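Across the two complexes that follow, subunit A remains constant while its partner is subunit B and subsequently subunit C.
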Partner chain A sequence: MRTAVLLAIAIVMLVVWIFPVAWGLLTSFKTERDVLAYPPEVIFEPTLVNYHDVFFGGASIVPNLISSLIISGLTTALTMLFAIPAAYALARLDLPWKRATGFWVLATQMLPPVGLVIPYFLLLRKVGWTDTYQGLVLVYLTFALPFAIWLLVSYFEEIPREMEEAALLDRAGRLRALWHVILPQAKGGIAVTVIFVFLNSWNEFLFAVVLGGNTVRPVTVAMFNFISLEQTQWGRLAAAAMVGMAPVIALGLLAQQHIVKGLTVGAVKGGGRR
Partner chain B sequence: MSAAVSLAGIVKRHGSVTALAGIDLDVAPGEFFSLLGPSGSGKTTMLRILAGLERADAGTVRMNGRDITALDPGERDVAMVFQSYALYPHMTVRDNIAFPLKMTGETPAAIERGVNEAASRVRIEHLLDRKPGQLSGGQQQRCALARAIVRKPALFLLDEPLSNLDAKLRIETRVELKRLQRALNVTAVYVTHDQEEALSLSDRLAVFMDGRIVQVGTPEEVFSRPATVEVAGFLGNPPMNLLPARLDDGYAMIEGVSLHLPALAVFGKREVMLGVRPSAVRLGAHGLPGTVTMCEALGEDFFVDLSVGERLVRAKLNGGERPAERSQVQVALDGRALHVFDRQSGARL
Partner chain C sequence: MRERRFALALFLPAFVLLVATTTLPLIYLLWSSSQRIDLTMPWMSGTAGLENYAKLGGDTRFWQSLKLTLIYTGTTVVLQVLIGLGLALLVLQVRAGQAILRIGAILPIVLAPVVAGLFWRSLVLAPDFGILDFVTRALGLGSYNWLGDPQLALVSVIAIHTWQWTPFAFLVLLASLAALPPDLYEAARLDRAGPWQRFRHITLPLIRPAIVIVVILRMVTALSAFAAIFAATGGGPGSATEILNLYAYRLSFTELNIGYGAAVAAVLLLITLSVAFFLFALRRAR
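Up next, the complex of A and B:
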């Protein structure tokens, strides 16, 4: 009985999640005429013209994909560069104001992004960084970093303290203990964090549309351009969405194991410390 | 070279809790020295201060005369075996053992040599390519030992290293540990709450209670002449029986019964706590009237629980007839086998 209920819930959730994706996938293979047919056609003659347009046409999104890749890659790399030492320090060292710092790191996540768009825009314009990679990446860091730190702290705390105490006694010193002993053991957590940070910046739209421009236009914003006042190019929009989604899905599948393990961190606390 | 360790006035507080309240201790080079005490007595904190993993709030730590109080763990020439072993799970046994040598920048040839030597000393040469997760508890323990001895430290710290092993393996490893320490001629400081381990392994030991050292001595000294009532009540299995008594020039009033014990005449008149080892209790014709409440046969010995007045007295009888439960007996005390402690201070008289 219980399994039946759970199964039913799972099916409902799956349908709710899958429906828009499946709809988008179908739409991406339709001609404009088929898209607008009413009642909607499930059986139609598939065409690759939308994909061709999206890749090679006048409104090619390839430059935007590269833009997205640069922004997400840079954001992820910089985030990890700063987040790993910060999270390690928060997890391990006896710092004054540690609790308070940890709280404010998290508190930055509570601000609604919409409230920040205008101030960020004004700030970036002042230093001439609107429509630049460094401007957008800098803004992305403001929310990627706290998130990554918060996530990584829980992974570092999972690793027994004896590990680095042993490494310290073995003359590794703090940095080498971190590099040789702690990081290899936090590999799963780091992978999860990299993926989440990358996906968050890949999918980001609001800041990109306001703070970006002609030079810096990630794929999310480019897609938006298929919607105009006169006409919405549903087929191309869907094809662009599918292409934009591909890396997300690929990354997700690649790291599926890590993600599931990572999300259940702390669910079972083993071997607490004195 | 094995190290002489000297601790003076070590104080450590964790918040409002005083973990160590002034520790003075000297360990001689090459000595196997145990810190024995119940959990929470401060012995592990003391070891961690020796390792440099914690800083003392006051006091100095010296090694071979050099003040190392403020040095980092890596600068102290100490190695430690953790209770959890703390093996690096992502490295093979070989890499685990090699790690301290790699950190000090030894040549690959020297690392190879060192790893092989350390591994053969603890007989795990055949396990070098495994990961710690693929080892049994005993093998993990030996891997941790190999990692600790590989760079030939002057001081060897062991934090309850046998507590995760099963009983049989624990006794085997105990013997091996002692042999290893002797062969390497290294000073060892060993933390344990297991008195049997401490008594069998140590050259000398310190008994910790509530953040203080209450007694230092050889196992024989500590066992045969406990310095306080607490030590007396902690050591021995089962521990010493403690009976409050009033001494009066060779007579002792215990549980309302007066016994003539000429050996106690030297203590004059005073309130005391009398300690008697279970093995020194006899069932005889004259003594304290008691009732046998329980009798366990353990091989050659009987462990007998006796109720004497309102007290429980445990006796270990060697051979003879098994006393019947609920039988009335006389509990004889030999004045020369009694330990006399001051009632107020608990100190040995």
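Up next, the complex of A and C:
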């Protein structure tokens, strides 16, 4: 009896979490008439017209998907390039003012984005970088870089020191030790970091809606624009959302085991231990 | 000494980039907040000193917005921790479906907040064809304009945020509960401690660090919430769901009064940083 109640509550919860996405998936296969039907229809004749619209129609989101891919890809690459050495220095080396800089990196991660989007709007306009890839990537670094540094620090700290010391005794040199010993050891952590940085960049909205434009319009903004059309077509919006969110859902499931760590890393490190 | 130089060589590029991309823009934000930058009246531009901040005092929309920020942050964080913890305690006892629940919990978290807002707005909360309206009508409670009525709209955006981020609290607390040593409970059971006593005196003190982490991170997320509300209500109806983020955005990019928007954003920045700092200090003191 008790187990049955517990199970029932767990199932209800699961349904609540999955429902909007599942219903969205269902809606994406409905014609506009079926979407607006009352009572809501669970059984209907499925159609691919929304997906056809989203890929090949007048309001195709393919350019937006490409935009998102370029921005997220560039942001991830640049972030890793700068974050890996910095995280290694924070985790393992004798860095002056380590604690203060560590806390500062963490604080930058907590800034409300609206506080950054205002100065960036003024600054990027001055240099003509609004609605450009370099402009948005630069702004995306503000949340990606501190996040990646902290996540990587926690993975670097897990590597046994002996590994590294053995490499140093070999006179392999610090940089080669980093390249040949640390990086292979932290491969899993680096992969997880790449996934999270990419996911966060893909999902970003505020920077993109203010600082993007007709040339650079990521998929999150394109989806939002579907509702400001004269007559919102919910079926098409649902199809666009399914296509736009498929990559992050796939990545989320891929990184499933690591998601708790990825989400708590900042606080775990910044609060205590040292 | 050689090591220090090596360490700096590795750290400095990221450090310089971070200063350039975050700290300098923030200084520029503070400077902007002391300027009169109104894109609808460019000829009025000039130094304003503390004028923008003085204006905040008599701005009822600002105070309303501050109040909404506190309500939104407070209720969403409390709800997430309570529901997340309750659920984690429950699920710990049903071993069977844990894996599926863990996977299901990831779905809301990885969804872009703007999509969460759009989905709720269209599929769940829309009058007539939304699911919630269908449920309340079927139960004989009638039809409501969930996002059109000021009070219901506030409840709705709080529900959306709680829906999206409770899985986070759940996952973190479940992980921390699962890591507790089982022999502690054996001893307590032998001492005939009841379930509530066991929770109060054994579980709660042990998972307190995890709860504090969840509270800190959830507060920071709530304080920078934007996209889901923007997509669901746009801050409206009127200014019923206009938390400080939305107010600063609307001032700057809808009304184009950027100097004043910058002042509101600066206030929000100050609140976020002091909350984060206070919670971290609290955590370190423990």
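Quick note on the criterion: the second predicted complex is superposed on the first by the 239 of 274 C-alpha atoms of A that agree within 3 Å, B and C clash if a C-alpha of one lies under 4 Å from a C-alpha of the other, contacts with A are read in each partner's own complex, and residues count from 1 in each chain.
By our rule, a contact is a pair of C-beta atoms (placed from the backbone, for glycine too) under 8 Å apart; a residue touches a chain by one contact, two chains touch by 3 or more.
Computed from a predicted model, the values in this text were never measured in an experiment.
In the three-chain model built by superposing on subunit A, subunit B and subunit C fit together without any clash.
Angle at subunit A between subunit B and subunit C, computed from CA centres in the superposed arrangement: 100 degrees, to the nearest 10. Of the two partner chains, subunit B is the only one that A:M163 touches; subunit C does not reach it.
Contacts of A:F207 after superposition: neither subunit B nor subunit C is touched.
Looking at the shared chain after the overlay, A:V105 reaches subunit C, while subunit B stays out of its contact range. When the shared chain is aligned, subunit B comes close enough to touch A:Q185, but subunit C does not. Applying the stated contact rule after C-alpha superposition, one finds that A:W129 touches neither subunit B nor subunit C. Touched residues of subunit A were counted for both subunit B and subunit C, and C has more of them.
With both structures placed on the common chain, the touch criterion links A:R176 to subunit B but leaves subunit C unconnected. Once the two complexes are overlaid on the shared chain, A:W150 sits clear of subunit B and of subunit C alike. Across the superposed structures, the minimum distance from subunit B to subunit C, using CA atoms, reads 9 Å.
Once both structures are placed on chain A, subunit A residues 271 are touched by subunit B and, in the other complex, by subunit C. Chain contact summary for the complex, subunit B toward subunit A: residues 44, 51-53, 72-74, 78-80, 82, 84, 86, 88-90, 99-100, 103-104, 147, 151.
On the side of subunit C, the complex with subunit A involves touching residues 3-4, 6-8, 10-11, 13-15, 17-18, 21-23, 25-26, 28-29, 32, 37, 87, 90-91, 93-94, 96-97, 100-116, 118-124, 128-129, 131, 134, 138, 163, 167-168, 171-172, 175, 209, 212-214, 216-217, 220, 223-224, 226-227, 230-231, 244-245, 248-249, 252-253, 258, 261-262, 265-266, 268-269, 272-273, 276, 280, 283-284. Interface residues of subunit A facing subunit B in the complex, by the touch rule stated above, are 160, 162-163, 165-173, 176, 180-181, 184-185, 187, 271, 274. By the touch criterion given at the top, residues 3, 6-7, 9-11, 13-14, 16-21, 23-24, 27, 35-40, 82-83, 85-86, 88-90, 93-96, 101, 105, 107-108, 110-123, 138-139, 141-142, 145-146, 149, 174-175, 199, 202-206, 210, 220, 223-224, 227, 232, 234, 237-238, 241, 244-245, 248-249, 251-253, 256, 259-260, 263-264, 266-268, 270-272 of subunit A touch subunit C in their complex.
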